[in-house]
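Alright, structures below, take your time with them.
In the two complexes below, chain A is the common chain; its partner is chain B in one and chain C in the other.
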Partner chain A sequence: MIEPSIALYGEAFAKVTASLDELLTKAHVRYAMLVDRKGFVLAHREALWAPKPPTLDSIATLIAGNAAATSALAKLLGERRFNELVHQGERIGLYVEEISNEGLLVVIFDETAPIGRVKLFAKKSIEEISGLIDSLGSVETTNADLGNDFALDASALLDDLFKGM
Partner chain B sequence: MIEPSIALYGEAFAKVTASLDELLTKAHVRYAMLVDRKGFVLAHREALWAPKPPTLDSIATLIAGNAAATSALAKLLGERRFNELVHQGERIGLYVEEISNEGLLVVIFDETAPIGRVKLFAKKSIEEISGLIDSLGSVETTNADLGNDFALDASALLDDLFKGM
Partner chain C sequence: MSTINFAAREINCKIVYYGPGVAGKTTNLKWIYKQVDDSVKGEMVSLATEDERTLFFDFLPIDLGTVQGFKTRFHLYTVPGQVFYNASRKLILRGVDGIIFVADSAPNRLRANAESMRNLRENLQEYNLSLDEIPMIVQFNKRDLPDAMPIEMLRAVVDPKGQFPFQEGAASSGGGVFETLRAVSKMVLERLAKSK
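Up next, the complex of A and B:
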């Protein structure tokens, strides 16, 4: 089964959410998402004033697929891959930028948000989030780093469980 | 067999080429192409200072494919399709904008060209070229509109050909 490449929870999740919220407010965008390269939504926020969001899961999947598909084009131009994509429709714009190796920041905005402003605050968010993701390390490392306290707590919890049987 | 959706030759081709040349000079970009939605290169120009270009045919095919593939994403966001795409790598950027219904303007630039400048002169080119394409009409109309002089010239040419036999 395919699983998200980053495990985002607890304090790290709260920090990412706060960063996305700040992006929403300052750049006046509709939706902001942290997506991994497989297309999983790791965190997402919506502006209060934004209309009912489209299916963000499907959008994330299509964006991750599209980002992967453009790598052939990037290679023809002598680039490893594109780290920034802008799709602009009549009213709605889509801004995608990579975060570390594993993540993509996806911002959906309308004509009330100038693209320069979106990019500026998106880059600020990316700086905050990429630091966080790098400190998290891979899924394996975080699982392995549970510490001594956890072992004691877990064993106490198991004892309690079996007492009741 | 798949054929280009626009027949570009003679005066129209010269005007498109002149418009692309102006774009190259004013925006300081490497390559500029007029591509149809099927991926055919209708006209292309390269800056004198630009390195040997990558295979523009392959790039055109991938870009047309990518533009078509993003239409599902556009529809999820309530747009018919995206009329503007920017792909940015470490050094090389790619700017694609639609011209009328049938064409795409593709601009490839490096870090010497600010994106704002590229967009500005690309939009000027698009205005010139879209007027031209609309006046050309579809392939059928241009073929049908050959006029009386052509018939006389053609018959004279055929007479000459058969005289020599």
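Up next, the complex of A and C:
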């Protein structure tokens, strides 16, 4: 089973959210997300004025795929890693930077946010969040009480899902 | 499907469609995307070349529902089958829970099937995994071809020890697509229940 690399809940989740909110307001960006290198969305915030974002899962999967390809490239070239990635279109910009080992900060902004400002506040968020993440333990696997009932239940749901197909 | 708060208990299973180029991996995923209800599927992401060959991966998330208090979700991926793209294939295999090996029944792809299976074993080994532990099903696809090779012959090449369950498929018209996915999903979930 693939699990998110970072167990983010409770107080830590609230703190990350607060940091992302601050980034949203101060840098005037549309969306700020924390995703992990496997493509899980760990936290997502959007500005009140921003239009509805595209599917977050798609964004996270592509960001993670991109990061995996980039880091494989870095290794090939004898670098430990490449830092921040910025894509700037005519209207929309995308900023991605590593947070701690397993996390990625994703910031999506438009022409109302100067890139310098985005980077400045993104770095600040990264500092806050990486400190937080490093203080968390690794993910505890949710193995507790799966058993026969689980297999039976799951099996019934599978039959349901594919019913009549 | 937005933010995940990990106080919520979730199970995520990664299922990878593997196999040689043009065997029909992407076709399987497209069929699933087309047929399942909007309420259980996410967007399908495809990174492909101009001529629709997979370049990096296809991705489709499917929500199974809540099982014993766990929100259960399948992440379906296809790899690029072309030999050339092995670096991408390796990346996609990371963290795999179950594999659907899509073999091509066309006579001129016999060798490609065998090579892809060998490549799969090698790539898994780099993650210290093997097919003895990862659930896998073989789908013999393109059974609709008039010159499709006999199953026994395909199996002798792809799975000489007769180790893996298999399913016949004609993915472009949906044949065997769900049966294959259901079978591997059950294997994955059973393994999950057992390993705990």
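In the analysis below, the second predicted complex is superposed on the first by the 134 of 165 C-alpha atoms of A that agree within 3 Å, B and C clash if a C-alpha of one lies under 4 Å from a C-alpha of the other, contacts with A are read in each partner's own complex, and residues count from 1 in each chain.
Here is the rule we use: contacts are C-beta pairs under 8 Å (C-beta built on N, C-alpha and C of every residue); 3 or more make two chains touch, one makes a residue touch a chain.
Everything quoted here is computed from the prediction, not taken from an experiment.
> Examine A:F40 and indicate which partner it touches, taking first as chain B and second as chain C; both and neither are also allowed.
second
> Touching A:T25 in the superposition: chain B (first), chain C (second), both, neither?
A:T25: touches no partner chain.
> In the overlaid three-chain picture, which partner chain does A:F13 touch, first (chain B) or second (chain C), both, or neither?
second
> Which partner does A:E3 reach: the first (chain B), the second (chain C), both, or neither?
second
> For A:A69, using the defined touch cut-off, is the partner it touches chain B, chain C, both, or neither? Pick first, second, both or neither.
After superposition on chain A, A:A69 lies in contact with both partners, chain B and chain C.
> Pick one for A:N101: touches chain B only (first), chain C only (second), both, or neither.
Neither partner.
> Compare chain B and chain C by how many residues of chain A each one touches, and report the one with more.
C
> Is A:S58 in contact with chain B, with chain C, with both, or with neither (first, second, both, neither)?
both
> Quick one: is A:F82 in contact with chain B, with chain C, with both, or with neither? Answer first, second, both or neither.
In the superposition, A:F82 touches chain B alone.
> Could you look at A:R91 and tell me whether it touches chain B, chain C, both or neither (first, second, both, neither)?
first
> Just which bits of chain A does chain B share with chain C as contact spots?
55, 58, 62, 69, 72
> What residues on chain A touch chain C, complex-wise?
Residues 1-4, 7-10, 13, 38-44, 55-58, 61-62, 65, 68-69, 72, 142-151, 153-155, 157-162, 165 of chain A touch chain C in their complex.
> State the interface residues of chain B toward chain A in the complex, per the touch definition above.
54-55, 58-59, 62-63, 66, 69-70, 72-74, 76-92, 94, 108
> Within the complex, which stretch of chain C touches chain A?
1-7, 9-14, 35-36, 40, 42-43, 45, 47, 56-57, 59, 61-62, 64-65, 67-68, 70, 72, 75, 87-88, 91, 94-95, 97, 174, 178, 181-182, 185-186, 189-190, 192-196
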